[in-house]
Amino acid sequence: MTTSEPADMATAAQSVIVTSAHEDPDPGLAPDKVGKERSRSQFADMWRRYRRNKLAMVGLVVVTALVVIAIIQPLISPYDPYDQNLINTLAPPGGDHLMGTDSLGRDLYSELLYGLRLALIVGIATMLGSLIVGVALGAIAGYRGRFWDGLIMRITDIFLAFPYLIGALLIVRTFGTGVTQVIIALVVLGWSTGARLMRGQMLALREAEYVEAARSIGASDWRIVVRHILPNAIQPVFIYSFTSIGVAVVAMASLAYLGVGVPPDTPEWGRLINQGIEQVQVAGKDYLWIYPSAAICLTTLAFAFMADGLRDSLDPKLR
Amino acid sequence: MTGSADIDLDGPSAPLLEVRDLKVHFKTDYGIVKAVDGVSWHVNEGETLAIVGESGSGKSVSAMTILGLVPAPPATFPSGDVFLRGRSLLKMPEKQQRKLRGSQISMIFQDPLTALNPVFRVGDQIAEMVRAHQDVSKHTAKKRALDLLGEVGIPNPAVRLNQYPHEFSGGMRQRAMIAMALANDPHVLLADEPTTALDVTVQAQIMALLEKLQEDRNTAIVLITHDLGVVASYADRINVMYAGRIVESGTADEIFYEPRHAYTFGLLSSLPRMDKARQLRLEPIKGIPPSLAKVPQGCPFNPRCTFATDACLSEVPALVSVNGADHSAACVHSDRVAMAHEERAAAQ
Amino acid sequence: MGKFVIRRLAQAIMVVIAATILLFIGLFVLGDPFASSGDKTIPPATQEILRAKFGMDQSVPMQYLHYLGNLFTGDLGVDFDQRRPVADMLGAALPATARLALIAIILDILIGIIAGIIAAVWRYSFWDVLVTIVTTLAIGVPTFVIGIWLRQTVSGFWFFPQVPRSFTQVAPWYTEVLLPAITLAIIDAAFIARLMRGSMLEVLRMDYIRTARAKGLSERTVIMKHAFRNSVIPVVTYIGIGLGTLLGGAIITETLFQYNGVGFLLYRSILQNNNPVIMAIVTFGVLVYVFLSMLVDILYAYLDPRIRLS
């Protein structure tokens, strides 16, 4: 870990976490029988390693379920989450309302479903945005080196120096409320981590022998980057992007909790928590903030497990 | 030096360090790995015993077992023992074993760069060795470290004392390691591939250093290596190991001039000889050493052996004397090996 | 070593200046604090006056330079709301945040490092599994969920001060700081534990640990001296950065617990569009973060002689 730039520490720390935190394969698995020759493709190998990790499989199942639910949400939502019913406010769970109603008489379950859809849309959009910007800039910086590297790295330093949430807060306040603004804000604050990772990988792999070999047979720069370096370099970024979905979801929820970001009446998880807490004074209404909190936890954990599992399965050394 | 008074149970002719029928097996997911499978040897004061073998022959494990550096699960010791002046090391409680490590038996390792702690100064690491076993002040220990650095031929020892391992060259690092190992004047020095990571010219220097230090202190040296060239000039006796067993044992002359095991013969045939007028074709040994989890039936060398017959498949040949004295080989065809070797020697 | 420090210092200053420029543009140029928004309608004439008063009728670069100049004399301006000197406001809030940051970091270190070492040294044992499970879960649960949960269940209980509470109820600082500190510490401690464990596991595999054992040193010395000294390096850098982030104001946690630190102040200022305060606090946060990152780099070079002397 020999880095000499300020925010590299964060990434370096991140990568140490990423690579060394989850060392052991799940202890409850049967060992592979030695001697059986397997000629499978790389993906099959990866998948095999991934499958053995129980936590990772749980993550995959949960994430898939969440995505499916989010997609079919309009179909399965028992009520319109925006539908207020002022006669039936704060109804306890049960009966018509699986999880009860909030202070405006909206069905909490429907609100949670909508919140999931919103969270995944924002999370994935943010992830993609950060990924595109980060990978592009990181690749240029890492591959071109010197001037471009210096310039791009200074820029990432600047963006990394802004505290994540505070920066997002400011951007949203400046540009107004709305989902798009939230996504933009989170991308602006988040792309630099991916850029650092990508650049680090590029720097390392650029010197790799197989790159020299490719160059020696006359492959063009572009071809080298895309075909040889990119598939390897992008791995840590790819793994991180799963974690970043969780980070984005939490960030949006934090902003909404503070009353910023999405429009005030949106059934967003953080917003629901905020509203739910206000109702805690009324006895027994804890579920109003517990259910959304649990939803956030579930989502974040599922993505984190997947990221862990991907990391373990992509790194053959750990096997 | 420290270490409790040793009672010489077997009398003055007892070896300083003796390994008797040692077996070290590892339980792994792939089966039982027989790293060391019934190995016996000994070394006396002032003597240099070389243990020669390819990677995976079990030579390093036997040395590490002596020092107790092999983690006990997953390793098991189904039989055998190690004796230092008649005292059993394997049966000794850990605390006592620790007292011996670094004071009566020391070890130097293959790669001196990774073997030294990168964040501590070299002088401090040597002084630590001294203070671990001698009740002296920090100042005295540092002085001793300084002297040791000088003894192993490091120029400018006062400056070097306060430097870090990465500031030393490869050869100097190994000298520093030797200094550290000899800090407490051990009776036995185990040297695990001490020159493998070094340049050829530096190799010679290090070996010469070891020889000189041995003369000065009468230390027994167990030299573990795969490099027959290094062994030729410095070893008194040689044990050739293959697949966890000793296949031939004798003096340096006996091994080099009268090999009796097919494997030894194979090793010698693949050595280029600068001292011969005519060079014969180098004959490499076909194949690769077996995995220690799946050692072949009978003589473990038989799949690669040019002398192998059916007799070699049925049972493991015993290590028997081939000259009525201490030269032994575990080969059914030792006489055929002798003939083949004479032919080859005559042809050069 | 000296050149290294100077180079890093120059970089740090550049970054801070660039960040403040960005910030300035964002706040004063793009956002108009005096525009009518929501219920607050301000007649245009008053807007003009207000702008002139705060020097916002000048060109942007002039405003920025003006601001920088004031910065050097310690004049952070006055806030839009009540014309209090921003420097005073910051000064009042800072000690609280500093206390919070320090206590959180101490908790981090104690819990995280010890848990990490135990998990690595007694690998596969009950403790290792426990640490792995707990840290995995802790990382997945967002800080503000933990904070909210702690607040709802624990505040008002025993000596923990009640939150939310009115301004008249003042709790002594040492009880007030506990819940927010614990909230912040939980996630960081989990990261540190994993980092420590991973780092320690790697180090324990190294040859020099084998050498240390071959020297006959006690296992305790081998681990706490030889292994620890090597494995703690990445952890130290992580802690340094964590401290930098916390000192900049943990906005969510402070707001959650109504903790009168820099973060809470910032939150209120953002809601009020109180630009001078925002500018000052964020600049301060950036400054602290960058400065601490630089310190961390230097510390890292100091801890690892291989870097120091190359």
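So that you can tell them apart, the chains are marked A, B and C in the order they are listed, and the count of residues begins at 1 in each.
Keep this in mind: a contact is a pair of C-beta atoms (placed from the backbone, for glycine too) under 8 Å apart; a residue touches a chain by one contact, two chains touch by 3 or more.
Just so we're clear, the structure is a prediction, and the values are computed from it rather than from any experiment.
**Q** Skim through the chains and flag the pair connected by the most C-beta pairs in contact.
**A** A-C
**Q** Computing the C-alpha centre of each chain, which chain sits at the greatest distance from chain A?
**A** Max centre-to-centre separation from chain A belongs to B.
**Q** Hey, how far is the Cα centre of chain B from the one of chain C, in Å?
**A** Roughly 55 Å, centre to centre.
**Q** From the mean C-alpha coordinate of chain A to that of chain C, what's the distance rounded to whole Å?
**A** Once rounded, the distance between the two centres reads 22 Å.
**Q** Calculate how many whole Å lie between the centre of chain A and the centre of chain B, each centre taken as the average of the chain's C-alpha atoms.
**A** Distance between chain centres: 53 Å.
**Q** If I count partner chains per residue in chain A, which residues reach a count of at least 2?
**A** As it turns out, chain A has no residue touching two or more other chains.
**Q** Show the residues in chain C shared as contacts by 2 or more other chains, in ascending order.
**A** 304, 306
**Q** Please set out, as single numbers or ranges, the residues of chain B touching at least two other chains.
**A** none
**Q** Under the stated contact criterion, what part of chain C meets chain A in this complex?
**A** Interface residues on the chain C side: 4, 8, 11-12, 14-16, 18-19, 22-23, 26-27, 30-31, 123-124, 129, 132, 135-137, 139-145, 148-149, 152, 191, 194-195, 197-199, 201-202, 233-234, 237-238, 240-241, 245, 248-249, 251-252, 255, 266-267, 270-271, 273, 278, 282, 285-286, 289-290, 293-294, 296-297, 300-301, 304, 306-307.
**Q** Which positions of chain A touch chain C when the two form their complex?
**A** Contacts found on chain A: 1-7, 9-10, 12-13, 16-17, 19-24, 27, 55, 154, 157-158, 161-163, 165-166, 169-171, 173-175, 246, 250, 253-254, 257-260, 270, 273, 277, 280, 286, 289, 293, 296-297, 300-301, 304-305, 308.
**Q** So in the complex, which bits of chain C are touching chain B?
**A** Contacts found on chain C: 206-208, 210-218, 226, 229-230, 303-306, 309.
**Q** Okay, in this complex, where on chain B does chain C touch?
**A** Touch residues, chain B against chain C: 67, 69, 98-103, 106-107, 109, 111, 114-120, 128-129, 132-133, 164, 166-167, 177, 180.
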